[in-house]
Amino acid sequence: MIVRQVLSRLLQALPTLVGVAVLVFVLVRVVPGDPIAMMIAPGASPDDIARLRGLYGLDRSIPEQFAIWAGRALAGDFGTSISLRQSVMSLVLARLPSTLELAVFATVIAIALGTALAVFGVRHRGRLGEAATDAATGFALSVPDFIWALLLMLVFGVLAPLLPISGRLDPSVDPGFVTRFYLVEALLRGRVAVAGDLVAHLLLPALALALPLAAMIGRVLKSSLAEEMLQDYVMLARVKGFSRWRIILGEALRNAAIPAVSLTGVQFTFLVGGTVLIEKIFSFPGIGNLAIDAVINRDLPLIQGLILVFALMFIVINLGLDLVYAALNPRLRHG
Amino acid sequence: MTVLDIAGLSAALHGGRPVLRDVSLVIGEGEVHGLVGMSGAGKSMVARAVLGILPAAVRLTAGAIRFQGRDLVGLDERGYRRLLGRDIALIPQDPLSALNPSRRIEAQMTDVMRLHLGLSARAARDRALVLLNEVRIRDPEAVLRRYPHELSGGMRQRVLIAISFACEPRLIIADEPTTALDVTVQQQILVMIRGLQRRHGTAILFVTHDLGVVAKVCGRMSVMHEGMVLEQGAVADIMAAPGHAFTRALFAATPRYDRPVEALAPVPAAVLADIAAAAQAFDAGRPC
Amino acid sequence: MVRAGMFRLLANWRVALGGFVVLVFVVAALGAGWFSPADPLEQDLMLQLEAPSAQHLLGTDSLGRDILSRLIHGARVALAVALVAGILTALLGTALGLAAGYLGGWPDMLISRAVDIWSSFPPVLLSVILVALLGTGLHSVIVAIVVIDWTRFARVMRAETLKQRHMDYVDAAVVGGLKPGAILLREILPNVLPLFVVLLTLEMGIAVIVEAILSFVGLSLSSDVPTWGGMIAEGRQVIYQAPWIIALPMAALLALVLGLNLLGDGLKAELDPVLR
Amino acid sequence: MLIDARGIRLSLPDRGRPGTLFRPAPPIEILRGVDFQVAAGEAVGIVGESGSGKTTLGRVLIRLLQPTAGTLTFAGQDITSCGEGVLRPLRPRMQMIFQNPLSSLNPRRRVRDIVAAPLLAAGIPDDGTRVTTALSRAGLGRAFEERYPHQLSGGQRQRVGIARAIVTEPAFILADEIVSGLDVSTQAQILTLLRDLAREMGLALAFIAHDLSVVRVLCDRVAVMLQGRIVEDGPCGEIFENPRHPYTRRLIRAIPLPEIDDGWLDNPEAMEEA
């Protein structure tokens, strides 16, 4: 049942993936700037330029280029980065783990914080506590991750220098890890000091990503939770003699989460998209940072590869959300 | 013996507008008392006051609600939690929204027994099966495994009735329990409630807008409007000879398939005006 | 009637406060040449990274330029982008959302699929690519915002139109003999209009942010036009020596965005006839 | 016959089981061959329990839905599967009153505009007198013309719905559960109003209801529906006094009349297991 659902969803995502690939391919190919001109020393002969164009396949027609690129991509070869002169695949694989750790860390913060806000707001309904949570979520929602990043950097990095504001790990620390999932590996190996330094570096960028999402989750979940609290089954639970906490957490929260998951779904993809800018601001060595440099350098193979990676992440997120939605909602599982 | 004794109960919104005016009614052991009126008459407010779940904007201003001799007015939440579910239970109006859509029937039936009777999961399940048999559900084992959306409206209402009788309460509040149901299902549910009530000797406060339902299942009745009880007495007496003009008007406004078309008439404005004047006089005489 | 309506709107503190903040920026932008104490481009290499003083009310940046003047001139870019990009985005997205929601069938399929594909791009990356493609300049920033953000309107408007379409009053209009065009324009459109106004103010805030992000990355306008994003990027370089240089344009950006959001929130409550 | 429906069938996709990419949702048959007629000036009730198909039948009669099989004529003209363009000239003569008065009135339009909409669509010129007349026939004064639907009570909203339905002086009105959400007193007002209007204007009515007593007050004839079929159809007097179909008998016996009847609770049919 679940397997079939996943397969069916993946199949439906295929046209989206193809559409993204075609669109990006065409888009970057009509960029006026010539990538070759940017990578060679001034004074190179026209012959040299022509040779390089041939090397990267830029002298062919766009459909031809696409066919060649797509054929290789299917075999796992996304070409070579023009500006960094390394295989796109190895560049992405080297940087992806840090972005994933950042995104997952931010998501966990956002869900925990958002749920806490929603439950607190509903528990203190009609009192000062509710007004305070409403104001907090309203403010956090109006401020985008870009400004949160700068604010956090300014406050916790400069005015009260508590946390590092650039990089992933202190340059003096050499963990000597085998994988690139530093935080996961540090935790598994019990390297507390390294894990602590990683978390310290992660905290500000993750918070910048998490706060708008947390506010969104908080607001949506609070309103759906408040609506659930008006349902007759909640009244019946009260009349059965259960405590308010037990009713909120044991009866209403799960049902309230169902609309909240579908309403906040888009925001999760915004979080992943947000890593592009946040990594740039915090000089965090992930694929987002790589992507902005790639665009500024007109590094076509790298741009294509990275955008496909992002599209794939979005598809996986949406699939995950669908599964969570189905798991929460018995109506979709049975009958 | 008296199970419920509501004496001189008044309630008002925070702004001061009264919603209940000097409501008194007594329910003896094993008695079914019908509380009838139009929407906004205050009948649900009485039910909620007994259950201690008045809306946040409503406050009791006078009177007592004595349950088995003990006044519930001013009882704290903890005290109510010990009482509700065990000694006082509710049959709700809407069988669709009164069951939690994401919990199986078994969990929703057994939780109240485990809380109040201290039963083990197994013992509670066994008792749930007995109760489902009592409400004449054919395959109780299967129903326990189901989610609410997999049951019909009538089945859900049977489950809710089983839940209300789970801890052998002395008093059940039935809040329009058949309003959302089709007429044939309504008959089944009413027959069932009446049967269980007789066997268990439970007292019921039966809130409804339907005079027909009162006639079929209640022994005594109160007619309410504008938060006041206008007439009270044995159902047989009131059906035979309604004493209050409003009660007579209510009968005349209820369409019947066995009466000529011309017999139907809305409640006359004069009757409503008289009641409004009485309400005003009450409010003036006793400022809140 | 109209005057009474205006009074009621202003009685809502969100509308009043948000509107006031936005108005301050509009006035500053319109009278930039007049309000600025100095030429925003004039460098004074003797006065680099000056703290606020009587001569330079908000201090100077790393090239000795007056920060207050640069902020006021930056507001022009921010507001121009907010207005033009916001409205264009709203119109495009709303038209497509209404079409998808009301027509259903293949137009809906097509538009929804396009929204799906669009949502699979990181928006910041897409805008950076677009500006790189179109070349820097105000018009390319605006085009980039429209191309990226139309999906926000399309998605919400489609859902709302679909909801309205299933209301009984639409059936009543069909039974009343109204033509599809009349039903869409006279019956459905007035009901989705409040949502449009609210989204529009929110979208203006988003446009301001996107412009700042693009200038921050160095892709918005040429470096001789002062922009808040550009000032933030410059401030980032000297954040330890002179934190106010990054803080001031951030504060301006934050104030304008919060003002727009507040206005939108207030309008949402005021424009709903049932809530009001 | 004003409305003549023969052998009407209708299948709709099952909304409870959304289809997948490979397997579209299986259709379920909601109407399974319905014959139904309304003569000019006649009031016919359609009763049945939830899921019987009575609301769907109504929507077919007024051609908000197109039947999958059968024929439907209005005043002799075949309208089984014609497009909205052909229907539009007929719309002024066939109108509808909805169950939920709030959702059937556009919240952004004033009462006057709501009532005037069918006139405007039909190109019937009006200086305001037709709207005023329709509203006053429905029991609402001129003061209501400027109001919005949310400023009205439930009964007043339903009166606006009635005024909109009669403003084009139609020959036929479909009324779908129009009193189910109202108090008994308001219900009695609306029922007597509609009964008087029908007599006065010579209206034909199809009156859908779950409550047989309500139908009895208003209708000359009643059709009883069960699972997409009409199981019994006849004059009210006959059906209520001498029901032939077992389902009709059971439906009538299940109604709790406001009078003492000790046998009602002992009805063996009510003791069934579920």
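Here the chain labels run A, B, C and D in written order, and each chain numbers its own residues starting at 1.
Just so it is clear, contacts are C-beta pairs under 8 Å (C-beta built on N, C-alpha and C of every residue); 3 or more make two chains touch, one makes a residue touch a chain.
In this text the structure is predicted, and so the values were computed from the model without any measurement.
**Student:** Using direct touches as single steps, what is the fewest number of steps from chain C over to chain D?
**Tutor:** Counted as steps through touching chains, the separation is 1.
**Student:** By label order, what chains touch chain A and chain D together?
**Tutor:** Under the touch definition, chain A and chain D have B, C as mutual neighbours.
**Student:** Which chain lies the greatest distance away from chain C when centres are computed from Cα atoms alone?
**Tutor:** B
**Student:** Go through A-B and B-D and name the pair with more C-beta contacts between its chains.
**Tutor:** B-D
**Student:** Could you state the distance in Å from the CA-based centre of chain A to that of chain B?
**Tutor:** The answer is 52 Å.
**Student:** Between chain B and chain D, what distance separates the C-alpha centroids? Give it in angstrom.
**Tutor:** Distance between chain centres: 32 Å.
**Student:** Just the number, please: Cα centre separation of chain A and chain C in whole Å.
**Tutor:** A distance of 23 Å separates the two centres.
**Student:** Rounded to the nearest whole Å, what is the centre-to-centre distance of chain B and chain C, using the mean of the C-alpha atoms as each centre?
**Tutor:** The computed centroid separation for chain B versus chain C comes out at 54 Å.
**Student:** Residue numbers of chain B touching chain D in their complex, please.
**Tutor:** 38-39, 136-138, 152-155, 158, 182-188, 190-191, 194, 209-217, 235-236, 239-240, 249-258, 261, 264-267
**Student:** So in the complex, which bits of chain D are touching chain C?
**Tutor:** Touching chain C from chain D are residues 62, 64, 84, 88, 91-92, 94-96, 98-100, 103-109, 117-118, 121-122, 148, 150, 161, 164.
**Student:** Quick one: which bits of chain D touch chain B in the complex? Just the residue numbers, please.
**Tutor:** Going through chain D, the ones touching chain B are 49-50, 183-189, 191-192, 195, 210-218, 240, 250-261, 264-265, 267, 269-274.
**Student:** So in the complex, which bits of chain A are touching chain B?
**Tutor:** Touching chain B: residues 126, 231-233, 235-244, 251, 254-255, 258, 328-331, 334-335 of chain A.
**Student:** Considering the complex alone, what residue numbers of chain B touch chain A?
**Tutor:** 51, 53, 56, 77, 80-86, 88-90, 92-94, 97-103, 111-112, 115-116, 147, 149-150, 160, 163
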